[in-house]
Each structure stands twice: as C-alpha cells, then as structure tokens.
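The chains carry the letters A, B, C and D, assigned in the order they are written, with residues numbered from 1 in each.
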Amino acid sequence: MGETLHNVMLLAPEVCITLFLCLLFIVDGLFPSLRSNRFPMILTVVACIASMILTAKVGKTPAAYFGGMVVNDGFTTFFRYLFFFTAAVSSYVAFGSKEVEAKSRIEFSLLLLCVTVGMSLMASASNLLVLYMGIEMVSIISFVMAGFRRDNLRSNEASFKYLVFGGVASALMIYGFSLIYGLTGSLNYSQIAASLIAAQGNVGLITWLALVLIYSGLAYKISAFPMHFWAPDVYEGAPTPITAFFSVGPKAAGFAALLRILLTVFAVKTGDGNWKAVEGLSLTSIIAVISAATMIVGNLSALGQTNVKRILAYSSIAHVGYMLMGLVTLDRSGITAIIFYLIAYCAMNIGAFWVVGVVSNIRGREDLEAFRGIGWSMPVLGTCMAIFIFSLTGIPMFSGFIGKFLIFGSVIKSGGFLWLALLGVLNSVVSLYYYVKILKSMWLDKPETEESLRLPFYHAVGLVGLAIPTIVLGLYFTPILEFAEKTLATLL
Amino acid sequence: MAQQALLIALFPLIAFVIQSLIGKKLPRHGDFISVLAILGSLVVATPIFMKLITEGHVFDSFQVTWMSLRGAEAGRLNSAVTIVIGVLINNLTAIMLLMVTLCAFLIHLFSVGYMHGEERYHLFFAYISLFSAAMLGLVLSDNLLTFFICWELMGLCSYLLIGFYYKKPSAINASIKAFMTTRVGDTLFFMGIAGLYYIYGTSNFMSIYKAIELGTGHGVTILGYPALAFIGFMVLMGTIGKSAQFPLHVWLPDAMEGPTPVSALIHAATMVAAGVFLLIRMFPLLEAAHVVLPVVAYVGAITAFLAALIAIVQVDIKKVLAYSTISQLGYMVMGVGVGAFSAGFMHLITHACFKACLFLCSGSVIHSVHTQDMREMGGLKSKMPITFATMFIATLAISGVPGFSGFVSKDRILGGALAYSMEHQGHYLIPFLGFATAGITAFYMFRMIYMTFFGHARDEHKHHHAHEQPFTMTIPLMVLAALSFAIVFAGPTGIESIDHVMPVKWFDHALEGVQVEMGIAEHLSPEAEAVHHKAHGLALIISLAVAGLGIFLSSITYLKHLLSAEKFKRMAGPLYNLVWNKYFFDEFYLGIFIKKGLLNFNQMLATFDDKVVDRIFVDGWRDIAMVTKNVIGKFDDLVVDRLMVDGTADVMSGGGWVLRQFQTGKVQQYLVLTVMVIIVALFFANLGLK
Amino acid sequence: MFPILSVMTYIPLLGMIIILALPRNNPNLVRWVAVGVTAIPLALGVYLYLSFDRSTASMQFVEQFDWIKPFNIQYYMGIDGLSIPMVLLTVLLTFLCVIASWGIETGVKGYYAMFLFLETGMMGVFCALDFFLFFVFWEIMLLPMYFLIGIWGGKEKVYAAIKFFLYTLFGSVLMLLVMVGMYYYSEPHTFNLLQLAQGHMFVGKTVVLFGHQLPVDKLFWIGLFIGFAIKVPVWPFHTWLPWAHVEAPTAVSVILAGVLLKMGTYGILRMNYPILPEATLWAAEFMMVLGIINILYGAFCAMAQKDLKKLVAYSSVSHMGYVMVGMASFTTAGVNGAVLQMFNHGTSTAMLFLLVGVIYDRAHHRWIVKPDGSKGFGGIAAVVPVYTGIMAIALFASLGLPGLSGFISEALVFLGAFSNPRFQTYVVIGSLGILLGAAYLLWMFMRVFLGPLNEEYKDLKDMNFREVFTLMPLCALVIVLGVYPMPVLNLMGSTIEKLLTLFS
Amino acid sequence: MNHLLSFSSSLQGYLAVGAILFALGIFCVLTRKNAIGILLGIELILNAAGINFVAFSKFRTGLIDGQIVALFIMLIAAAEAAVALAVILRFYRLKQTIDADEASILRN
C-alpha cells in the first residue's frame, strides 16, 4: 500500500490538476453564474501554478516509479514547467478572445487541463503503453479543441482533418509499438534498449519498419516532414487561442516523447555525457535529411501566403526543422540547444499568435490586409509583434537568435553536417521575407481609416509580459542555459 | 629667406579667402585687396631676384614633414612613409617668381579697368588671387607632390575663370573641356609621381638630382618598362595636358571664352608655362632616361608647326594669339627636348612678357571695339596709338626681329635644335619645323597687326567708337612692351657677335648655376664645342632670313594687298579646309570618343547594371520561376506582384508555390503522400541494410 | 574608470526611451530632445579624440567583463587607431543628421527613436571587440534601418527596405556561421577578437563540405568577406545601394553612405586581416581586382544617371573601390590611405547627400534630366549662390581635387598601391577612375548649376541657417584635412603599423 | 536470453493476419470517399496492432502485459470513435454530406 501511495505522491502535479478538474466540474454543475465570466480561467491558472510548485518539490528526488513505467527526472520536471506555463498562458489568451464564447469557456478550461495531464504523461512515460496513453489523451482532446466553434465550418473542417490524420498516425504508431514489443519482448524502455544493444547490429528490416512507424506517430505530434500536412489547415481553421496552444503545448510534448525514446532506447550514453546511436541504426544522417526537409517545406511554403495564421503555421513547421538540427549530432550541446530553443520558441510563438488573435478580434479578418497600419493605431501591439517577429527570424538581441546560435553551434561543433548549417542559415534568411511582410503591413503601410484603436489593458499586460523575457533571454541567457543543462544531466 | 618667400604665395591666398567670403560687401568689391596682395608678393620677390643679379647665385630651402606614417624599416612593403614638403629657392625659382608676380600684378591692374561693371566682379578677383597663389606655390615647391597640388589647383582656377560667364553655354562647355583634358594629363602625371615614390621614396628635386647622379634606379622596371623612362613619359604627358601640346591642345583655343585678362594671365604667361617649367625641373631625369628627350623634341616641333598653320587662318584675334601660344609652347618643349633647356627657359620668360602684352593689347582693342573679329576692325592705329605701339613692339619680339627678347631666346633654341640634328644624324625634321614655324609666326603676327591697325576701317560704327583706354590699362601694356627688348636679357641687339662689347649675361650665369645644381654641367668636348658654334652661326642667318621673308609676305598681302589672300586660300584648297577645321581634332574627340564611345558605353553599362546585374543576376530568377509555373499550368491564384522580391527569393517562392500545391486541403491526399514517403524511407532503409 | 564607450553607446538608447515616452503632439520637443541626446556622445567623442594615446597600438578605454560564462562571451569594448576615426565620424554625422531631419513631419517620435537606436547599433559595432557582441550590434543596426527606409522613404520605399534587409541579413548569417566556427575551432574556445588574432589557430585545419575537405581558414575568410563585402558594397553585391540610397530619407541616406558603408571595410580590417593573415595574402589579388572593378563600374554607371541621388550613390560605390584598393596593397601608405578615405568619403558624401536633400525639400524632385527627356534643374547658380558655393566644395572634395581631403586619401592609396610592384597595372587602370570621377561630377555641376536658368526654378529659396549649420563642420573638416591630414592620420598610424607587420 | 527473430511457426500465422488487417486498414483509409469509411480503416489498423500484441504476449513473452495493451487499444479506439462520430455529425449538419473531399476549404 505504502508503495502505491509513494508512487501517487510522485505524480502530485498531475493529481493536483485532476483535483482542480473535479472542482471545475462541480462549479460547472452547481454554480452556473460563475460559468461564463473569468472564474474558470482564474481556476485554471491557479491549478497550473499549484502544480508548478508541486513539480518543484517532487523534482528534487528523481526516481522511476509505477514499476519503471513513468520516470520523474530533471527532464520531466522541465517539461512539466513548460506545459503548465503554456496551459496557463493559453487560458489567459483564450479568455480575452471573442472566438471562445462566454458560455463555452468552462468547457475550454476542462479540455485544457485534461490535455495538460496528457502532455505531462507523455513527457514522463518510459513505457510504450503509457506513452501511447499520453499521446492518445492529448490527441483526442485536441481533436475536440480544434472543432471548438461548433457552428463555424472552418473550425469543424480543421477538427475533421486533425481527427483523420491523427487517428491514422497514432494507429501506425501503435502498430510499430507492437512490432517492437514482439522483437524485444518488453514494453519498458530500459529492457528494449538492453535487447537492442544485445542484438549487436544485426538488425532486420522489421526493426527499421517499427522505427519508421514509431517515428511517423511522433512526427505527426511535432508536425515534422512527412507528417506535417495537417498542421497548416488545422492551425488556420482552429480558433486562434487554441492554435496558439497547439503550436506550443502538444508540440513540446511530442518533442519530449521523441527525445526520451531516442536518447534512452535508440541511443547509448557514451562516456563524456553525449550519446551514440545503437550500431546498426545510424540515425544521424536520417535526422539530418528530415530536418532539412522540414525546414525547406516550412519556409518555402510560407513565402506566398497572405493569411497571417497560415504563415505562422508554416513558420512553426520550419522551427521544428531548426530544432531537429540539434538532434543531428546527438551530443550534449545539441540537446541542450533544443531544450533552450523550445523555451524561446514557446514564448515568442504564443506571443505572435496572441497578436494575430487580438487583430482578428478587432478587424474580423486574419489576412495581411487586416494588419494595415495596426502599428500606428496600436503602437504597443505593433512593437510587441515586431519583437516576436524579429525573434522568430533569429535577429540578435532576441531569444530566437540565441536558440539558433546554440543549434548552429552544436552542428558546426561536430563538423560533419556543415551543409545542414548552411541550409539552416539560408532558411532563416528566406524566413525573413515572410515574417517581415507582416511588419510591412503593420508599420510600413498607412491604414485606410485613421481610427486610433486602444489595446485593452488585459492583452497589453500579457503581451508585454511575453515580450520582455524574449528580449531579456536574448541578452542574458546564462541561467536558462544552466537550467537546460541541469535537466539533461538527470535524464534516466 | 625661404620663409619670407612663402609669403609670396600666402598673400594672394589670404586675398582669395577674404575676397570670396566678404568680397561683395567691401568698397569697390574688394579688387584692391587682390591687387595689393599681388603687389606684396612682387615686393617680396624683387629682393630675391636682386640677390640673384648681384651675387649671380641664390639658394635656400626649408622643409617640413607633411605626413609621417609609421611603419617598419625602409625597403619593405610596410616600411614607414614620410612625405616631406618645402620651399626651394634657386636661380630658376628667383627668375620665375619675379616674372609671375610681375605679370600677375600688371594683369590685376589691367583687369581692374577691363572687368569694371561685371556682375560677379568680386568673384573674378577671388579666382585670380587663388590662381596666383597656386602658380606661385608651384614655382616655390621643392617636390613634385605640392607641385602637383598647385598644378591641379590652377586647373580648377582655369575651369572657374573660363566658365566665368557661366550664363553662356559655350563658356561652360569650354571650361569642362579644359578641366577634363588637363585632368587626363594630370592623372598620368600623378602616375609618374607614384613611380618616383616607388623607386626613390621621395619626389624632392634635390634628392632626385643626387640619386640620378649616383645612378640609382636604373635597373628597376615599372610595368615592364625601365622605371626612369616610364616616369619620364608620364611627366611628358602631364606637360602635354597642361601646356596644350598635341594631341591634348584642343582646350586652349576654347579657353578664350574666358575674359581676356584671364587669357593673358593663365593661358599665355603662367599656367601653360608650368608644363614647360616641370620639364625643366625634371630635366636631369629626362636626360637620364635617354629615350624620352627625342620624343619631347618631336612633340614640341610638331605642335609648333601645326599650331602656327592654324593661326594663319584664324579671324578671331584671341584665337590667333591662342594658337600662337600653343606654337611658342611647342618651341619651348622642343628647346628642352633638344637639350637646350636654358634656351627653352629663356623663351618661357620672354614669351610670358610679350604674349601677356599681346593679349592685353587685344583686350584693350576688344574693350574699345566690342568685337573679337579682326574683319570688323582696321585703321585703329590713329585711334589707339599707345595700344598700337605696345602691340607692335610685342609683335616684333615674337616674330624674332633682332633687338627684341623673342629673337634672343628663339635663336638659341633654333641653334640648339640645329646642333642637336648635327650631332644625332637623321633628326633634321626638328630644325626644319623650327625654322618653318619661325617664318609662319612672323607672317600671321604681322597679318594680325595689319588687319587690326592698318588699312581703312571696315566697320564705321565700331571705328567711330574706338578710343584709347584709361591709364590703368595702358601702363601695364607699356611695362610689358619695355620688357620685350633684347637689352633686358642679353645685349642691345641680341646678336651674340655684336653684343659681346657690353654683355649683360646675368641670365646665362643664372642658368649655369642651375645646371651645376642639377649635376649635368658637363663641359662639351672641343669638336662638340665647334659644332655648337657653327650651328648657332648658321641658325642665326636662317632665322633672320625666314623672319624677314614672313614679314615681307605678310605685308605684301595684307598691307599692300598685292597678293589676294582669297586666291591663296583657293589655291591651298583641301589643305586650307583641313587647317581651318583644326585637323578635325575636336570633331574626333567630341564626336567619336565622347559621344559615340564614352556616353554610349556608360549608357550601356548603366542599363546593364540596372537591367542585367540587378534584374538577371538578382531579380531575374523570377522569370525562370515564371516559366516553370507556366509549364506546370495556368494558375490564377498566385498573383506575381506578391513575389516583389529579388530573383533568388522568387525562385524560393516559386519552389514554395510548387510545395504548396501538395497542400490540396484533402486529408486523404495528405495520407497518400505520407504513406508514399514512408514506403520510400523503407526502401532506402532496405537498401542501406544490404 | 569612467566607462566612456558604454556611455557613448547607450546614451542614444536612453534617449530613444525618453522620446518614446514624450507626448505625441509636440514634434519640436522631440526634435530638441533628440539633438540634446546626440550632443552628449559628440562631446564625449571630442574628449575621446583629445585623450587618445597616439603612440600605442593597443586597445584603449577598454571595458571588459564576463557576459555569458558558459560560452566564454565577454562584454569587451575598446577602441584603437582603426575604430576611433569611425567612432568620431558616427558621432558627428548622427548629430548633424538629427538636425538635418527637421523636415520630417509624419511619425516624428518613431523617426527619432529609430535614429537614436541606429546610433547605438553603429557605436556598438565600432567599439565591440568580442565577436558575439560585434555580431549582436551588427544585426541590431538592420532593424532601425529597415523601418527608417520603409516608413519615411520615397516612392519605392518598401521594395528598397526589404531588399536592403535581405541582402545584409544574407551576409550576416554567413558571418554567424563563421563566428560559431571560429569559436569551436579556436584552441581555448573564445569569441575574443584579440585572442583569436594571436595564434594563427585556423591555418592547418580542414572541414568537410559537400563531400570534400576544404581548408578552414580560407572558408572563414570567404564567409566573412562576403558578409562585409555586401556592406561595402563590393561589385557583385552592390545592387541594393542605389535602391536604398534613392528611397531613404535624406538624413538616413547620409548615415547610410557616411557610416554604414564603412562598416564593411572596417570589419575586413578588424577581422579578416589580423585573424586570417595567410588567407588575406592569398586573396589580396582578388580584393584588388574587385576594388578596381568597383572604381570603374561605379564611375561609369554614375555617368549615365539622371537622378542626383543615384549619381551620388554610384559615386560612393566608386569611392569605396579606392578603400578596397588601398587595403589590398598591404603597404603603409595604402592602408593608411584606405582608412583615411573611409573618413574623408564619410564627410564628403555626407555633404553631397545633405545638399541633395536641401534641393529635394524645395523642388520635391531630384532629376538632372527628367525621365521624359525634358530638362530637370538648370542654371540655378544665379538663384541660390550660397548653395552653389557649398555644393562646389563638396563636389571638388569628392572629385579628389588637391587642397581638399578627397585628394589626400586618393593620393595615399595610389602611392601605396603603386609601391607594391604586384599591383602596378591595376593602379594605372584604377587611375582612370579619378578621371571619370571628375567627368560625372562636373557634368552634374554643369547641368544643374551653370548654363541658362530653367525658369521653373527661379524662385528657389537659398539655404536657411539650419541647413548651413549642418554643413559648416563638414566643410571645415574637408578643407582642414585637405591641407593638413595628420590629425586623423596619426590616430591610426601605430595600429596600422602593427597590423601590417603580419603581412610583410 | 531473448533474441530477435525467433518467431515460432504458429506465431507466424497470427502475425500474417495482423499484417493483412494492417494493410487493409491503410487501403481502406486511403480510398474510402465516405468519412465513416475512413474511421473504419483506422479501427482496422488499431485491431491489427491489438492482434499483434496478443500474439506476441502468448507466444513471445508469456507475460500478460501484451494483452493489457490490447485492452487499452480497444479502450482508446472507442474513445476516438466517439469523438470522431460527433465531429462527423457536426460536419454533416453543416455540409449535408460526409464526403471527405468536401472538407477542403482550408488549402494551400
């Protein structure tokens, strides 16, 4: 009995979120008056903060529990912080946006909290089944969130496409898991890794099939090259705050799962803290190709776009490409770079989508024409957007640049994939064109009507709250970098 | 003494600064400031000249480091560079200083009267002061760098002064033409200076003379040619540009667009003479690069002869004088070329005086009859006696009539040329052209005198208005005319054999001093001495004969009208046409070189840059992207203007467009693509495993 | 020790924040605050000039402390003979440009905020001695430039702004790769430019690119050179310059021509030369040829221009060619001449652009010959004498007329380049550039100022006190440095001496 | 010592069925016009995975964790089906059709 109680204690953050979930159900049922105003959002934010505190407490004692199915190490702690932060900010954004109607706000909070539990499960899973459970939990709820605006055709179509693509992808993945289970006879990462090493390289085609299928499942989650097709349509169709959440939350969870599987199962920890691919499974060149493909697809497709949400959708695909570059050398600096990049990426991406949300609320449309002269009528909004855009492009003084700097550093350090670094650099130049197109219409074009709009304080506080860390992180990033290195140190 | 000499150049410079800043507000528009400044320079220059006359030799110099760049020890690529500039006073400088300040002062006086009532009167004096400062700076400088700086400053002043009447388009074109042609010469001259710094590390005259004496720098080559020859030719190009020698002479006749005092000061006395002065300063180097001197001689001779021919047919009084200036400059260059550089220098001095006088006289004539066309003049002898007298004296001087300064210097040059052709067989063309030019010069000068002063007035109205100029304008004429007598330079009649009774040899002693300094005063061997003596005797006789013939022919055609000029013109036919069109040099330069060659090339290059490099290299990829699109199929959705970015990005967006076509919106097609990629991945994995 | 460099760099940033906080309805207050803020670095610059030690080649006014320890990145600021002329030029030109942009009416607060932000970027680039810090300032500068050209520019401002941004960003991302490469390939991993310059660390190494081994130092050299060449601009990468100059507002094109072009050559001298001397020697001929092409190409194109500003822009391409020639000659006179030319070109082109701005404010067009062939400006010398006088000085300075500063640097460049026997043919060809320079500038002067007055412009007002005030310091500099250039030359003497010891 | 690829003969049979089901599932998803047809395809693939798990748990490892996973797969398949049908129902209400190709407003 004590042992399960100990295990539950380690799951404290998730348990706390579930309790708040139940509280919300009660509120939903018994106090209808509270339903539609800001109360559910406040409750969500409190839930996230509480679980962050619990994560900090739990994080001090890294251990595997529930019989090695779930791991609570530095890696999980980091991702828990990230998920709770993104959930809190997304709910803050959602409750300011007209797209999430007042009466269905409580449902949004419920769904959001469920997804958060699913995400932290994905990050901490070290067992195929638990991973599958986490992924499915996040996916299925995301299908619902994508179609949140029931009467809106675009939102419905987005959820339909997300549903079909997601379903197939996770089906493929579970089939891959079954093959791995067959080959290695176990579901636990550590045993799978042991048997893979024992195989000393005579790895048959079946293993490669399993690997490809698993990769396709995870690639769907982070919208990497072959499985990225759903992202632009779903991001454009779904309501903007939810798209903001999609581009950050589930994507980070996908990366968490991918990193954990890759580093504990398909790679071996070498002496100096780096990793080496299991012989017979030389992943590095494949990852390089995938990363290059994702970058090119993301950047080039965004060039001709006029809908800003779609531009940001393709840009988030491109950023996945940049992040995958870190995996190419499988060494410590690369993975730290990815983790740092994730932090920077989450802040600036939510910010960018937030601005799009605010503009589409005011102007009703999301294409570049809607952005004409916004910079002059709402200078704070314009400046924040400029900061996010330049950070996304990778201009120094902003966190995006530091992310790219670390990623390119790790690639060049290994010396083997210089062509990838060159491609990455060229892609960021190309990305400038479509990013600055947004700024062009915001600042360079004069608005038709001279009406000076006032940015509601609610949004101003949030946006500035995201913009300032983007600059601070760009100028002084040592503490965050040490924090990222610490998370890697305790990866079980 | 050198420090005071610096004042000579500073006075006009200060005058320029004052005049250009507050000239307009001063009483009389500040012309007295410029005149006083140049007078001050004259006052400072005369004691130096007096010292030369009394002691027969004067030498002083002081130097200051202008630029010192730190670097490693000498001889290496990054060795330290120190550019030292200073003032050098030797016999040459003393004489030049006096000549320039005197002429400038007289011309300043003259232009007070001549330019009275002009709209930009104060600016005229500002530019003239700047010009005088630059010319004096050039004369004083002891190295080629400051020499070059003053050289180009003079070019600027000549540009500003020729274009003084800037409302007249012809004046502006002339000023740009002058500036650009001289600039061609200057650029090459600067290459020569760069060459000097390359082999000697300095451009100081004294150190060059010493280095040449020691024979350093002979082995070195620049661009494959022997270094000294290269530098010599570059210096020659500088002279050709500035002293309007063939083929860069086209600007001087057009420079007559400027006011007459300008023509007198700049395009007769001083600036054009600077080119010859440069040759004289660099004579040891030219001599050391023995291949250069003959070229110099030929350039001088050809220029003299061709310019003289053109002068015959000119009807504009100033154009006649302009071509005569080119011709006389050709003489000086020929003098230096054949080795008689002291004769060349003397001719430079004498020419400065009488040509300035001629120009000023023509100025006073133009000022009174308000036309430059000689065909509208005639019979002004009685109306303007002083101008006539001074102009006649100067004409006698230039025509080489004994007893006048022109004869003395021209005879020595021709003697030197003859001696040169005797020593170096086969170069007979030089003396022949020399003597022919002497004759033609006499002919056209007297033609001008007769057409303007003698005969009956062709234009009553102008004749009636003609009047003598006030004293401020006639005094300079008289002074300059006085300087045109032989007595000033060498004996009353100028003929060697006669004057040995009362020889006033200050000029020759001064020039010997200069040769000693330059280290080239080698004593001729006895038989060479004999050849020289014989040559000078022979030259004396021929030059007298030729001058007499010229005067005679001119007087029977233009005074007595026995021979009609028209008949002679028809008889010459095509030759006349050729000469009248100045050998089509202008047409060649302007028509072919500038209009068809340079401007079209620029046009082509500019469109090349805008259309080709900017569009094709950079933007044009869009066209290729467009082609790919049309091949794939008409697609109205993509509007081309959204790709308004340079070509490389257009290719990208074209690529992006292709990629986006896969994004058809149908979920099942996404899945088909995904499955295809997975199959391809498996295929490679399988291949990899083998 | 008073951190003078950091103060000079961040005062404008402080000024920007103050200006953004000012009320929107009082443009004059904003203008005077901007003038006040830029006056402070100018004053400090004068102090810097007076207390600069000319005898040593080592860094002065150094500020060095750890910024990001894990990557050994330091906040390392310092200036030596190479950077002080550029710092002084930046400080002076920004002060004058702030005064010159009195005519900006729309979005005054935004304009001056961006302008001050630009000054911080420029100051940072010239004082940074840590590659990372240098790169951060290098790219920060692009942001204000994009907005300044894009918002307050001329007709095609959007296209010009994005083209400028794309070109320079392409160059700087290559520099990013080289920066990271240098960090990882240097023995004690460091970004410190002085440490990198010590050890010839990159000579032997090679790296795999597209399948074959390439020498690292040559790769670094090319990467850096492309990044800097785009800024200079060197011939194939120059097509952004005419666009950016023509479309930028007057004050911005003054800063663009006066300071931004110099960052390219400054970067080459600060990084390519000391850190990769072997590669620089290997590529000397290449740089010289590009320099000559720049001179001639710029001159020829300038000759065919009908728009005043485009003509001056192409003349900048031509004049920057002299800097390239001077640098590539590795002789004392050459390199000193090159750095002096960077300074002189800064002053003379700034004057030209300011003057073009003056006439643009009055006539609202810049055509020498209107595109439809009819006559643009003509004979306005009679109407605006003061303007013609100052334009003549600026013209003859950039023409390279002796007695003005242009000549000194051109003379030094050619004397230096000629004394290196390898490059004598190039110098002779390059000297044609001097000739062409005279041609197109005089042609412009004749067409616009001399000749019969074009009636359309008979009521042009002459320059007011403000405009004359912005031009007076530049006129003084051009004339004084033409007569006696040592005040600027002895600033850089010892640094260049030490730099060239690597190449003898 | 468990090592790879030592599948006994009867296991082959189960795997073959699993593989066939997998292939049919994919084919069904790609070709069916009807939205619900696509869902059926997904279910088929999930069941194929289930068979695999059960077969491996019986023949390969002898532990019951394979069967537990199969159970979970059914559980999740049910949840997914519920959500999918709700979405398709809403799609029908808006578009009066459930043809998958109709859902293509959001494209390129």
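The rule is simple: a contact is a pair of C-beta atoms (placed from the backbone, for glycine too) under 8 Å apart; a residue touches a chain by one contact, two chains touch by 3 or more.
Bear in mind that the values here come from a model prediction, so they are computed numbers and not experimental data.
A.B. asks: Give me the set of chains touching chain C intersected with the set touching chain D.
C.D. replies: Looking at chain D and chain C together, the chains touching each of them are A, B.
A.B. asks: By the contact definition above, name the pair with the higher C-beta contact count: B-D or A-C.
C.D. replies: It is A-C, judged by the count of C-beta pairs in contact.
A.B. asks: In terms of CA centres, which chain lies closest to the overall middle?
C.D. replies: Nearest to the common C-alpha centre lies chain C.
A.B. asks: Report the inter-chain centroid distance for chain B and chain D in whole angstrom, where each centroid is the mean of the CA atoms.
C.D. replies: Computed value for the inter-centroid distance: 96 Å.
A.B. asks: Just curious, how far off is chain C from chain A if you go by their C-alpha centres, in Å?
C.D. replies: The computed centroid separation for chain A versus chain C comes out at 43 Å.
A.B. asks: On a C-alpha centroid basis, what's the spacing between chain A and chain D, in Å?
C.D. replies: The computed centroid separation for chain A versus chain D comes out at 26 Å.
A.B. asks: Take the average of all CA coordinates in chain A, do the same for chain B, and state the distance between these two points in whole angstrom.
C.D. replies: 78
A.B. asks: Quick check on chain B: which residues sit in contact with 2+ other chains?
C.D. replies: In chain B, 645, 649, 660, 663, 665, 667-668, 671 touch at least two other chains.
A.B. asks: Counting only residues that touch at least 2 other chains, which ones in chain C make the list?
C.D. replies: 162, 166
A.B. asks: Which positions in chain A are in touch with at least two other chains?
C.D. replies: 160-161, 164, 168, 203-204, 232-233, 433
A.B. asks: Among all the chains shown, which pairs meet the touch rule set out at the top?
C.D. replies: All chain pairs meeting the touch criterion are A-B, A-C, A-D, B-C, B-D.
A.B. asks: Quick check: in the complex, which residue numbers of chain A touch chain C?
C.D. replies: Per the touch definition, chain A meets chain C at residues 376, 386, 390, 395-397, 401, 404-405, 408-409, 412-413, 415-416, 418-419, 421-422, 425-426, 428-429, 432-433, 436, 440, 443-444, 476-478, 481-482, 485.
A.B. asks: Can you list the chain D residues touching chain A in their complex?
C.D. replies: 1-5, 7, 15, 18, 22, 25-26, 29, 35, 38-39, 41-42, 45-46, 48-49, 52-53, 55-56, 60-61, 65-66, 68-69, 72-73, 76, 79-80, 83-84, 87-88, 90-91, 94-95, 100, 103-107
A.B. asks: In the complex of these two chains, what residues of chain C are touching chain B?
C.D. replies: Residues 159, 162-163, 166, 236, 239, 242, 297, 300-301, 303-305, 330-333, 336, 379, 381-382, 396, 401-403, 407-408, 411-412, 414-416, 418-421, 424-425, 427-428, 431-432, 434-435, 438-439, 442-443, 446, 449-452, 484-486, 489-490, 493-494, 496-497, 500-501, 503-504 of chain C touch chain B in their complex.
A.B. asks: Residue numbers of chain B touching chain A in their complex, please.
C.D. replies: 638, 642-643, 645, 649, 652-653, 655-657, 659-660, 662-663, 665, 667-668, 670-671, 673-674, 677-678, 681-682, 685-686, 689
A.B. asks: Can you tell me which positions in chain A touch chain B when the two form their complex?
C.D. replies: 160-161, 164-165, 168, 203-205, 208-209, 212-213, 216, 225-227, 229-230, 232-233, 286, 296-297, 299-304, 306, 430, 433
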